[in-house]
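Each structure below appears as structure tokens.
Paired with chain B in one complex and with chain C in the other, chain A is shared by the two complexes that follow.
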Partner chain A sequence: MGRRFDAAYVLEFLWRLLEYFQITMYIVAASFLLGMLVGFLVALPRLYRIPVLDRCSAVYVSFFRGTPILIQLFLIYFGLPEWAGRVGLNLDRVPALAFVILTYALNTGAFVSEAIRAGVGSVDRGQVEAAYSVGMSSYQAFTRIVLPQALAVSLPVLANLVIGGLKDSSLAFTVGVMEMTGRARTLGVATQHFIEAYIALSVIYYVVSLVLEHGFRLLEKRMLRYEPHLAGRGKRG
Partner chain B sequence: MSFDLGFAFHALLLIASALPTTFMLTFVSTGCGLLIGIVVALVRLNNVRVVRHLAAFYVSFIRGTPVLMHLFLVYFGLPVLIDEVCSWFGAAGVSVRIPLVWFVLTAFSLTAGAYLSEVVRSGIAAVDRGQLEAAYAVGMTTSQAYRRIVLPQALAASLPNLANIVVGMLHGSTLAFTLTVVEIFGKTQLVAAQGWNYLESFAAAALLYWGLTVLIENIAAGLERRINRFAKGGVA
Partner chain C sequence: MTTSIRKTRRSALFMFAATLTLMLTVSACSSSNAGKASTAKKVIIGTTSVFPGVSFLDENGNLTGFDVELAKELDKRLPEYEFEIQTMEFGNLLLSLESKKIDFVMGMMSKNEEREKKYLFNKEPYVYFFTRIAVDKDNDTIHSIEDLHGKKLFIGSATSNNASFIQAYNQKHGNPIEIVYGSGGANDLVQLIRTGRVDATLQTDFSVRFETDEDGNPALKLVGEPLIADTVHYVLRKDSQELADKLDEALRAVKEDGTLAKLSVEWLGQDFTKSLEEAKAR
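Up next is the complex of A and B:
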């Protein structure tokens, strides 16, 4: 089980892992932004009760919330090219990173759609009626009045999703993407100092989580500055 | 079109043989986690000196790092620690005799414990302070009051969160494959690699997890209805 514990390695690994920090953050950011888009599109049919489509989006959400993300990752990374190959499409040249981001975006999308639904549900009906009464179209009322409020209300949930995405990004190494966790494994194998590598890695994840958490709390405070009764509704993490 | 339903069904049967391992990982770690969670929650709620800071750090660290890190830290770190301690007593090579799955269970229990402590904390906070005072008024000790009055109500209040954690641990148990434990996900990889039918194998595994998740959610909803039968107070 490796060599004797040597604290000096922790410090050294810290720097060497940080070289891969941007890839991890790239995965987190890209999949969250794409996931917001997916989640928004998935939430719409259920918000407006569009027949058939609302059932599809309910099944989509249930599937992505009901299966482990690792299964989703393998289903998409191995399954999609296999299926594409059978119908005559060659996806061999597509980098693993693309599959990872696609999986995480689809996964995040399912959770985002639930957050948006809950957020929209929390906006007072009178807001929509007031928007109509001043002559807004239903599109305007939704994008200008309802959505901004819904987003502000669901910010804590979205913040949790970003932090969750950071933690899930550690699974990308399973399909061969070299991010921080993948790098920590190779450092561990090369030097036989596994525990030092994982201590360094944990420290990085922990600090990034804390920073994100703090940042989102400030953002939430700002977005809810006109609704003091909603601000500071407890902790999240 | 190009989806081998026959193989998917065959894979499902093969994969299902790993169900007991997945169940064991999920429920043992949630059970141990609940014990840890209750202790940590009580320490933090009662502001026990010094230990309270340790508990707060434990919860914040576990919640701020991926489950994979808990697994690796325990798997690579705990044996070193055990051997070090044992060597003081003249025993050598103790850690290699400990089965691998124990380390996995330890790691998952620590993970579940941190998340569950928050669940228990919010559950206890949901119980009216008057309940505890009433228990004291009829002469119960603190331990009796908690065991008989506060904790049962707290558990009822936190049932939906509890179900979420169980589902989270079920999904998290897939990570055990990184340490070569053959649970559902590990088994799926073996099945998939044999026939090069990744699509069907992982679809079958996904179906299995999906079914289990829906089942757990339904059981929790049923339990919640049953437990809240008598709760007809003004609170929602």
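Up next is the complex of A and C:
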């Protein structure tokens, strides 16, 4: 049983947990950035309706959205090396962190691809036509006109994914990556002050979430500065 | 103007990708070297980090405990190997062993038939312990395994030796004991017993003292006859006979010069490293 609650421990644990703040943030940042890349690549076949690849994307998205992330982590952490072994690649000594980031990137990628599809879909067809009418190629129209608007619209969803990723990072401890949640557990075991450790942990996660939320809100305002009604302020037209 | 924004965005993306790759490579390459000969073979040991007294992180975040200190001691005596300890959830240990992520498991692992079929155990046991039923220190109703019929028994991990034992017992007697499995990190065993959510658990002589109440006093007591007389070994893959033999060699050395007994007294409170015959002979 845990020892009697002692609020002084909460403060002490805050400092100890912050030692692992860097690695938690690294997991979140790396997996989100890779996830954006993956999501973008996965969304493209469906946006341009490329025959076989769009079906592959749909299956990929369905699987990674439809299975628990912990299971995906185990499948990739234990399953991928075995599979890779068959084609002659030795992944035995690859650090667990790499598997964690890979899994989260693939998982986030599925959700990102849907957000991008929705965002791109929300951009008025007239924008593309106007782009063509001033002589832009379809690549230029997409990257300069459509994508910025699509990203601005998808931003709240992407913000959700980042904040969700922050919480998913707490599962990394199950495959041996020491990050903040893992450290909180071991601090609890070492001192028998579990509740205090978890309170300190929650405080850190919540403060980081608030900062991220605030940051995204500012980014959203800036990206939608020519369409304030979409950001929830200003009047139409 | 738009072109320069695109260029900035593109170069920013490139910077991200480059930093990412760099950080990933750095993290993949970082490993501590204890200054051993570069010809020493790297051996990765798997264990948990939440077993008090045996394998846990102290307040400063350093992995220590009986198993860990013994491994460091054995490492000193085996210059041809270099040990690296990796921690993970208990349930993942054997699977990690099979998939070659680790080379042997330490964690007070007992030998049982099921495990012997799939894995290799080294010959020298390094701890002897008895498993008995543990109940609330004020509980006078349970004194044996028969008293557990119809009651709830807490088993910390579904992959543990205790789990195998109770499952086998249940199979033989028509499932009289209700098993409640622990979940990852959220088990407050003493709380569970006090509130009646479980009636008892299985504990060993050396770990029952870690189950304390809010003031740090022992909250459980051991009752009844020993149910399992266990010997603790390292678990390896069937292809690691050479490593197993070397570990046995080193274990014999630490037993002979008294280091093993010293470690046991320091971390487990008593000398649990002698079998009954050895204890009688001394």
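Keep in mind that, in the parts below, the second predicted complex is superposed on the first by the 230 of 237 C-alpha atoms of A that agree within 3 Å, B and C clash if a C-alpha of one lies under 4 Å from a C-alpha of the other, contacts with A are read in each partner's own complex, and residues count from 1 in each chain.
FYI, contacts are C-beta pairs under 8 Å (C-beta built on N, C-alpha and C of every residue); 3 or more make two chains touch, one makes a residue touch a chain.
No experiment lies behind these values; they were computed from the predicted model shown.
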| item | value |
| --- | --- |
| Clash-or-fit label for the pair chain B, chain C on chain A | clash |
| Which of chain B and chain C A:Gln192 touches, first, second, both or neither | second |
| Which of chain B and chain C A:Gln72 touches, first, second, both or neither | first |
| First (chain B), second (chain C), both or neither touched by A:Cys56 | neither |
| Partner chain in contact with A:Val87 - chain B first, chain C second, else both or neither | first |
| Chain B versus chain C as contact partner of A:Ala98, first or second or both or neither | second |
| First (chain B), second (chain C), both or neither touched by A:Leu11 | neither |
| First (chain B), second (chain C), both or neither touched by A:Tyr26 | second |
| Contacts of A:Ala130 with chain B and chain C, given as first, second, both or neither | neither |
| Set intersection of chain A contacts, chain C complex versus chain B complex | 1-2, 78, 82, 174, 188, 194 |
| Chain A contact footprint on chain B (complex, rising order) | 1-3, 60-61, 63-69, 72-73, 76-77, 79-80, 95, 167, 170-172, 174-175, 177-178, 185, 188-189, 192, 197-199, 202-203, 205-206, 209-210, 213-214 |
| Contact set on chain A toward chain C in their complex | 1-4, 16, 19, 26, 30, 33-34, 78, 81-82, 92-98, 101, 143-144, 173-176, 178, 182-183, 185-192, 194 |
| Residues of chain A touching chain B in the complex | 1-2, 5, 62-63, 65-72, 74-75, 78-79, 82-83, 86-87, 163, 166-168, 170-171, 174, 181, 188, 194-195, 198-199, 201-202, 205-206, 209-210, 213, 237 |
| For the chain C and chain A complex, residues of the former touching the latter | 2, 6, 16-17, 20, 23-24, 27-28, 44, 49-50, 52, 56-59, 61, 86-89, 92, 95-96, 99-101, 184-185, 188-191, 194, 211-216, 219 |
